[in-house]
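Next up: the structures, one after another.
Shared chain: chain A. Partners: chain B in the first complex, chain C in the second.
Our next item is the complex of A and B:
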């Protein structure tokens, strides 16, 4: 809006920062990069996260892991559902952001926003089912109680695909539903809706540090996460460069991270179970039976 | 307390027929390799047992191609029920030849006949029996309505449980419709080669199982072969890392079962005599050559003195010696190389200030031997508390509160197993939930069963072997 108009109010523009440990800090590097809309018009400056930001995010995720994984599955489901509720209330905002970012139609943007909300509801329901689906009692040949149950791997690094909202939720929700905490690198091209989603998570009873969102260069940040020894798993879904993906997998091998390799996937289709199980460990407990 | 004098009770070697030399088992037949050969020896006597072919790249290539042919033409087309029947046959033949396998394993590996006879071989047969039954029920396993095999599995196994690790690898792979190229460890190839004979007796179609012998180079050739769809490895964390790097960027699926440094945690209310048996079983079973060995004893401070006194008394009764003697509790260290590693780390333990103790123990003149050993006064920073020794060496630490026990137990990059000894049920369940380890034994230790998934957290690797979970590694 033109400032010369006396009847029009000047927009208050949002500063897009990172989302780390429940806070919205700027990149410690002081860097930002220009994000344009689909027609090349300036939208905003996004924070360009650095190695230090990535490490801060991992530290926050590690600190949050004990509390989050220690909650009851029912409670985690409630929190994920709460994110869906809060997102539902912001449908118009996200529709506008997606249209601005991708230049898609209102109908298409609405479809992605709604699918994103529904995906959260889907995972909210999984939280207290997954242990029953993938765990169980083991009939061992001896007088022992023996059962297996899944537990979260720990801190998971994620490279989100280039679908601003649906892409982010499709990779983050399954990982945190089961009790992991994560550091996610948002779509480099469409970082803004990811940070706005951070605002949703920050107001949804999700403890700070469970999800940490970085924006910036995947090629710059991802190697630090892949080689970080306090990261237990890495999801490479959004890594489009095959050579970079292979390099990241090599770095990840240093501490035997669980790696989900990139691959074509229809994000709107019902998601594969391994979005959850790839970052789950099976724990088997034995106890003798006797009197 | 003194040991009873036992008359020697050696198991007869007459049941095994060790040939002077062995080739590779490729496409259903024993063939000469293109490479060199190496000797396998008895670690308890250093006697040369046989000359073994060392498979080179060309041999591995032949084996992978044979496995691929068998996969495409026969095995992937066969109904699950028929595949299962082959596995049932194999299980039965192993049961029929159990004594032979037990004696041969004991000779080649150095482990006591008591263990090969009562643990290794029965679980091997049970493992084939278990997965045989899955072959026609895979659609019920929770991996989709119509799960498919991956293709050719390249499998590399260690020397500590040679035949058992073979069973853990081959049984689920075949049940799911894959074919395999398996490399046994260079120091323990004989039971795998005897297993090849079992495949022949079972009329298993040629190429479904291929056994290629050799050392690290042969293993690398398998892992990096482009015709291999899946890599399964059990062994050291360092080699596991190298494998994970080697397959990066490929479509190969990987499961790794690697090292450990398990905490065996004894609370003050534990039944002490049972706990002492569990500690002994945890670290001296199989000479401590066990990735899930309870190699760090965490004992509650208030009972540390009592537990240690009883532990030492019990250790004095352990019989170390001839693996084929049915009274033997602790056999030979598997190789000169492993013995050197155990000695080195034990010396480091002393140099770093821990106190070393072993019962008086007459060790045989020839062969590779190490007495059951404990270190007390160990701190978390000591290398003997952090690194896998893979021998009969126990590091003892103490704790005061359950929280401290959890912190110390989890203070390791490994996460394979853990033990808890307490009379209090709620404490067992809380501890079990806090320990970052794939297998938690409470008031027991070192129990294995085909129905029970086994595998690690963190740097102990990924994937599970055993149970319904064990199918996942071989299906898509």
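Our next item is the complex of A and C:
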């Protein structure tokens, strides 16, 4: 029987879930929240992550850290470049999602998607170069070699700014390119492109757990990440409430997390190196000669 | 029943008749009941109580070929003071080691009340001649072991030579003297839940103080459906004979959540009397770290991490 012209095809709606450990689970709490487009019309339901999802994400990030940081910097660069390749193939989808979310023109959306891809390529290139810039051989007054080399901090929690795609990539790429793994709370207002970006990462050689994306309330989830003793750094770029940011910094001090404070920043401008160096630690080795 | 035990064990045929006369296990039903009990939610003060109880029930285990006296000393210290920063944290029930490490463990533990359990009888395979197994047991007891974990001859059991297995357990128990005897059934090799029930009864009738699921060297190790059957067995055995036998799941229990599921099952299936380190133990090593991390989470309100517990 041929499809009858009188029956209308039902759209297949996408379920937006979380991205944890390379999988797309629903929130453990079973909650979701409504995401509207720029005109206030219903767009989709997004998962509202709970503290237990954050805990699971940290566990996944910790498990992935050994393998990811142990890869050669060159290989990490290749993997991040591969994310850019896969993203390039899905430009139309992201363009449509950005237009729906922000109500911007097609040309503008295209510009943002292109800039996001370029940003990934930029950080992919940095993977095997950052050590030359911030590390090196130190001059010492003795018959020794003395080297400093940057090493990743570990698991970094990130609060992404309220810019759908560009914002997320600008904060995640510099953190993972140096070998950290991360748990990122996507923009509360624009969570959908973040989960679609998760799909891109899941299909682009990035090991599961290196990037974990949570959607939901920053005020609810961030304090659990800030106080988590197995998190080594926290990037507060997307925290707009100054009081919350201060509280998060205080919690983060408990185990001396590296903290990147929130501050006004032009995400489209050429990015500063400190997004990478903030979550690096310097190891210095004395190497005696002649023995 | 006491007379019927001696009657049932009078000959191989009688023993087979008795064990095969035990009611069969409905496997689907057992799995469903175990899964149902696993969904109970234990929170706040009940959780804190359960975690402390679980710590007191741990047989902290190291059974590796590369064990050293130093590692055993470290483990024994950890058993006495699982959280050195918190004096309210209880000690574990015992440390479980190979027989040659018993003396080291005993010396470190001193009069702390933490017991030393030794695996004997050619653990984990049990494939050795009877005199070797008995010598292994006596050796561990002489070194100061408070508890002996023996393995049954699974080959004989699966071939239906029940009386041989029975007599072996009786002989090892005699060699134990005052030490408590835990009988390892190695349920991962017993194939069916019916076999698990028969082996449980066999071990209890032979005088084991505890029945234990696994060596931890074979997968699957302890599972919830197997525990359900074994807990039913200890419950039914007490009803029939008046004797209480302990239960120890071992292997594969790594998270606090799993441990709490076991405690729920013990309470619901066997009864409250078994919620005591004298009658229920966890054979585990990594479980203790997770229990300590959860304990810290409840105490401080912040998630803890593996950097704050020992590596072992």
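Note that in this section the second predicted complex is superposed on the first by the 282 of 291 C-alpha atoms of A that agree within 3 Å, B and C clash if a C-alpha of one lies under 4 Å from a C-alpha of the other, contacts with A are read in each partner's own complex, and residues count from 1 in each chain.
Everything that follows uses one rule, which is that a contact is a pair of C-beta atoms (placed from the backbone, for glycine too) under 8 Å apart; a residue touches a chain by one contact, two chains touch by 3 or more.
Just so we're clear, the structure is a prediction, and the values are computed from it rather than from any experiment.
When the two structures are overlaid on chain A, which partner does A:136 contact: first (chain B), second (chain C), both, or neither?
The answer is first: A:136 touches chain B but not chain C.
Once the structures are superposed on A, label A:230 by its partner contacts, choosing first (chain B), second (chain C), both or neither.
A:230: touches chain C, not chain B.
Of the two partner chains, chain B (first) and chain C (second), which one does A:254 touch, if any: first, second, both, or neither?
Both partners.
Could you figure out whether chain B or chain C reaches more residues of chain A?
So, of the two partners, B touches more residues of chain A.
Go through the superposed model and pick first if A:28 touches only chain B, second if only chain C, both, or neither.
The answer is neither, since A:28 touches no partner chain.
With the two complexes superposed on chain A, say which partner A:62 touches: chain B (first), chain C (second), both, or neither.
Once the two structures are laid over each other on A, A:62 reaches chain C alone.
Does chain B (first) or chain C (second) touch A:128, or do both, or does neither?
A:128: touches no partner chain.
For chain A, what residues appear in both contact lists, the one with chain B and the one with chain C?
In chain A, positions 254 sit in both the chain B and chain C interfaces.
Any idea which chain A residues touch chain C in the complex?
Residue positions touching the partner: 55, 58, 62, 224, 227-231, 251, 254.
Which chain C residues qualify as touching chain A in the complex?
301-308
List the residues on chain A that touch chain B in their complex, please.
My answer: residues 133-134, 136, 138-142, 144, 146, 148, 153-154, 232, 242-243, 245-247, 249-250, 252-256, 258, 281-288.
In their complex, what parts of chain B are in touch with chain A?
Spelled out, the residues of chain B in touch with chain A are 126, 142, 237, 240-241, 244-245, 248-249, 256, 258, 413, 415, 428, 432, 437-444, 447, 449, 451-455, 457-462, 464, 467-469.
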